[in-house]
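Across the two complexes that follow, chain A remains constant while its partner is chain B and subsequently chain C.
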Partner chain A sequence: MMNTLLFWALAGTAAASALAVVVFRNPVNGVMALLVNLLATAGLYLLMGAPGIALFQVILYVGAVLVLFLFAVMVLDWKTGGPPFVVPLKPLTAGAAAVVLAGGGAAFLAGNRLFPRTGLPEGPPGPGPGIREIALDLFTRHLLVFELASVLLLAAAVGAVLIVRKERKRS
Partner chain B sequence: MNIALPEVDLATLLPEGILLTTAAAILFLRGARANGTALAAAMAAAAVSLLLSLFPYPGAAGGTFDGLVGKDAAALLFLVLTDLAALAAMALSRQETGGDENGETYYGLVLFALLGMHVMVFARDLLVIFLGMEILALPLYVLAGFDRGRKEGMEGSVKYFLLGGFSSALFLLGTALYYGAAGTTGMGGLSASPAAPVLLAAGLALVVAALGFKITAVPFHMWAPDVYEGAPLGVAALLSAAPKAAAFAVLLRIGLAVPGAGTDFLPWACAVMAGASMAVGNLAALRQENLVRMLAYSGVAQGGYMLMGLPALAGDGSPALAFYLLVYILMNLGAFAVAVTVAGGKGGSLKIGDLSGLASRRPLVAFAMAVFMVSLAGLPPTGGFFAKFYMFKAALGEGWLFLVLLAVGMTVVSLFYYLRVVAVMYMTEDKGGRAVPAGAPLAGGLAALLALATLATGILPSWIFQGIGRVFP
Partner chain C sequence: MSLMAVVFTGILLFAVGAAGFVLRGNALVLLLCIEIMLNAVNLVLAGFSRYLYGTEGQVFIFVIMAAGAAAAAVGLAVVAALRRRLGTADMNRINALKG
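Right after this comes the complex of A and B.
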């Protein structure tokens, strides 16, 4: 009962804040709405028994990505003024149509049993892997992936430095 | 505390270690002669990596990191191909980077990209392949816009970045769906009969689409002409050949897995992409006045011919594909080498008309270009003819008659624009007054070498083809 209440509260918050991201005129407000949305989704993950994913969601998206968004938005020097909300009718209609279409498609596929559920466990999932299991997996089975990610970051850092370099010709 | 550490055999990854170390070391170079030093170091690293792939460490085939990666004979062959392409592309870059203060970083980024391609080629897991694709793509986004004096460079770079990011997202989503269907991101999941074939098919379709971006297969080719035109010629040459080799290695790995429910659509998907690429690439190349844009569309078409090998994997498709790739790398990088020698600082804005009268001004360069064009068109006695011959034979052997008919028709179309270049070089008068560009010795030498190699593949095709055939069991 408590779980159901929590679920609907979080799901409602997530949906409302997602809408708010689109309709706020001031982009800073939009980013803040996105923050609420991500936190609500993290709460949903917790409810589903996946604290690890919820943790990563908060650390990565709220902690890193959103801060980056805020920086970008503030650097861009937006003109303020006009009504605080804009209601983009066309995109909203298109979005609603997409949802209906996707839902219909999913229902169709489910009805046709094209996605047999034999491989999935019955009932609600138990407690998912904890931080310890994730860490063990990361440093044993996915050791190479972990190391390659550091190579990727190095290449990205070099590229970023090169992009912002000063334009000077060696003559 | 019981932790099962993976068995790690770093000797397998020695070439990649050399590439990474050299790439990192190049970033520390400073001073007036840094550019030349960086070029020499980067080419040496790529050459050592090439040699180590030709004469591999014996334990490499078994794989390491619990089978996440492994260098079997096919992987080694594709490693050689990517190294070849990168070596040639670096030799073409001397002119482009000479005047730039950060010119040496250019070669570091090329080595990073080469490392990414290596990872793509020898990985046996979609997650590792994804990381390889990203290590390949990020340096190339920067390299595509390296020449910041040109507006087209930045435009192409941004376009490439956006579409590349899109394709990465497709690949990740495909990997997620694949994981959902197969319960693993490893390629081994393909051989087991999947619990959810539709999910597996959707995942593989997205993965193949993302790889289609890398091989500029229609309908994922839109970025290529703009990016090639704006990028330094050396980068355009690299882009046109090396990522194709890496992506085809991945496609072969997917395609060679045991077919079953959820993967049976792949031959048809590849055949459709092949047909569309041949048609669109060849017809669009007809209308190009810019040499680099023409080569870009020609690359789209050539990618289409290579894709024909994938539906014919049960037959001789894989050796035909590898042979085609080898010849393509030789002749296409050769064409770019000629472009570099005659561009004289024009970069990607070189027009086909700029080649007029080249035969009288620089007969050897014109002859090399003629060899490359004839080979790209698929006429004997060059390697291009035998590449198409083996490919068509393999496709016919598996019953893809309509695809071969389309390919032959499109080859006839391609004669018009390839031979037009030859006609412009030999049959038009030099209008005079244009300064003959100071030669680029490295690029000129490379053009000569590649022209000889292109002819050699046309003279000894069966010997090379059988050598390649031994790689594929």
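Right after this comes the complex of A and C.
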């Protein structure tokens, strides 16, 4: 009961802050709303018995990626005029988004009702996988993916430096 | 909380992120919306990992987080380059592929 209340509170916070990211005109406010969203999602991970993921969410996303976003906002000096909120309601795209959301949810529910044997379990089967099991799995069966991720990060870092630097050299 | 609630939250977050990606013009906000969508996917993966008792979901989350960090780094570099070169990062006003 307590968990359910906490879950819906966190889910509501996450949804509201995601909406705020979309609606705020100033990117700084958007980054701050994303901070709330990421922390709420970290709380959801904790509720779902994934403390390792929650930890990495806070360290990696809040600690690294969001700081990077804040640096970008600070360095680039976004001048924003007009009201603090934008309500970008182009009717066609808004309608398409609503249809996708409703259709996805309805299809999911219908699939769950139609195929009860392949449907969702009602409750969690005991505690979730521990961080030890995940680490063992990551470093044995999924070692290649792990190494590829490190190569990807290296390539991204080098690429980011190159993109910014080339521009500076030309001007 | 049931798995249905988790999946519902994931769909909702993803839809908000996707709508923001389509509707907003500011390139930085587009990157923020991408992060929201990645988080929604991570949430659903964590839920399934919990309810079906598998470690794969959480391994996927690690990889997606690494990919998201890489995307943020490269995306911010591109936004900075666009801003320096064209003086704007409004996607509605950048309509030429040729620099």
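We adopt the following convention: the second predicted complex is superposed on the first by the 108 of 171 C-alpha atoms of A that agree within 3 Å, B and C clash if a C-alpha of one lies under 4 Å from a C-alpha of the other, contacts with A are read in each partner's own complex, and residues count from 1 in each chain.
Following the convention adopted for this analysis, a contact is a pair of C-beta atoms (placed from the backbone, for glycine too) under 8 Å apart; a residue touches a chain by one contact, two chains touch by 3 or more.
Owing to the predicted nature of the structure, the values given are computational and were not obtained by experimental measurement.
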| item | value |
| --- | --- |
| First, second, both or neither for A:Thr140, with chain B first and chain C second | first |
| Superposition-derived comparison: chain B or chain C, residues of chain A touched | C |
| Touched partner set for A:Arg132, first chain B, second chain C, both or neither | neither |
| Touched partner set for A:Val151, first chain B, second chain C, both or neither | first |
| Touching partner for A:Tyr61 - first (chain B), second (chain C), both, neither | second |
| Contacts of A:Ala15 with chain B and chain C, given as first, second, both or neither | second |
| Contacts of A:Gly52 with chain B and chain C, given as first, second, both or neither | second |
| Which of chain B and chain C A:Thr41 touches, first, second, both or neither | second |
| Contact residues of chain A, present in both the chain B and the chain C interface | 109, 142, 145, 149, 152, 155-156, 159, 163, 167-168, 171 |
| Sites on chain A touched by chain C in the complex | 3-4, 7-8, 11, 14-15, 18-19, 21-22, 27, 30-31, 34, 37-38, 41, 44-45, 47-50, 52-53, 56-57, 60-61, 64-65, 68-69, 72-73, 75-76, 78, 86, 88-90, 93-94, 96-97, 100-101, 104-105, 108-109, 112, 120-126, 128-129, 133-134, 137-138, 142, 145-146, 149-150, 152-153, 155-157, 159-161, 163-164, 166-168, 171 |
| Chain A partner contacts - residues on chain B that touch it in the complex | 3-6, 8, 20, 24, 27, 32, 65-66, 68-69, 99-103, 105, 108-109, 112, 115-116, 119, 127-128, 131-132, 134-135, 138-139, 141-142, 145-146, 148, 183, 195-196, 198-199 |
| Chain C to chain A touching residues, read off their complex | 1-9, 11-13, 15-20, 22-26, 28-29, 31-33, 35-36, 39, 42-43, 46-47, 49-56, 58-59, 61-63, 65-74, 76-81, 83-85, 89 |
| Chain A to chain B touching residues, read off their complex | 109, 114-116, 118-119, 136, 140-145, 148-149, 151-152, 154-156, 158-159, 162-163, 165, 167-171 |
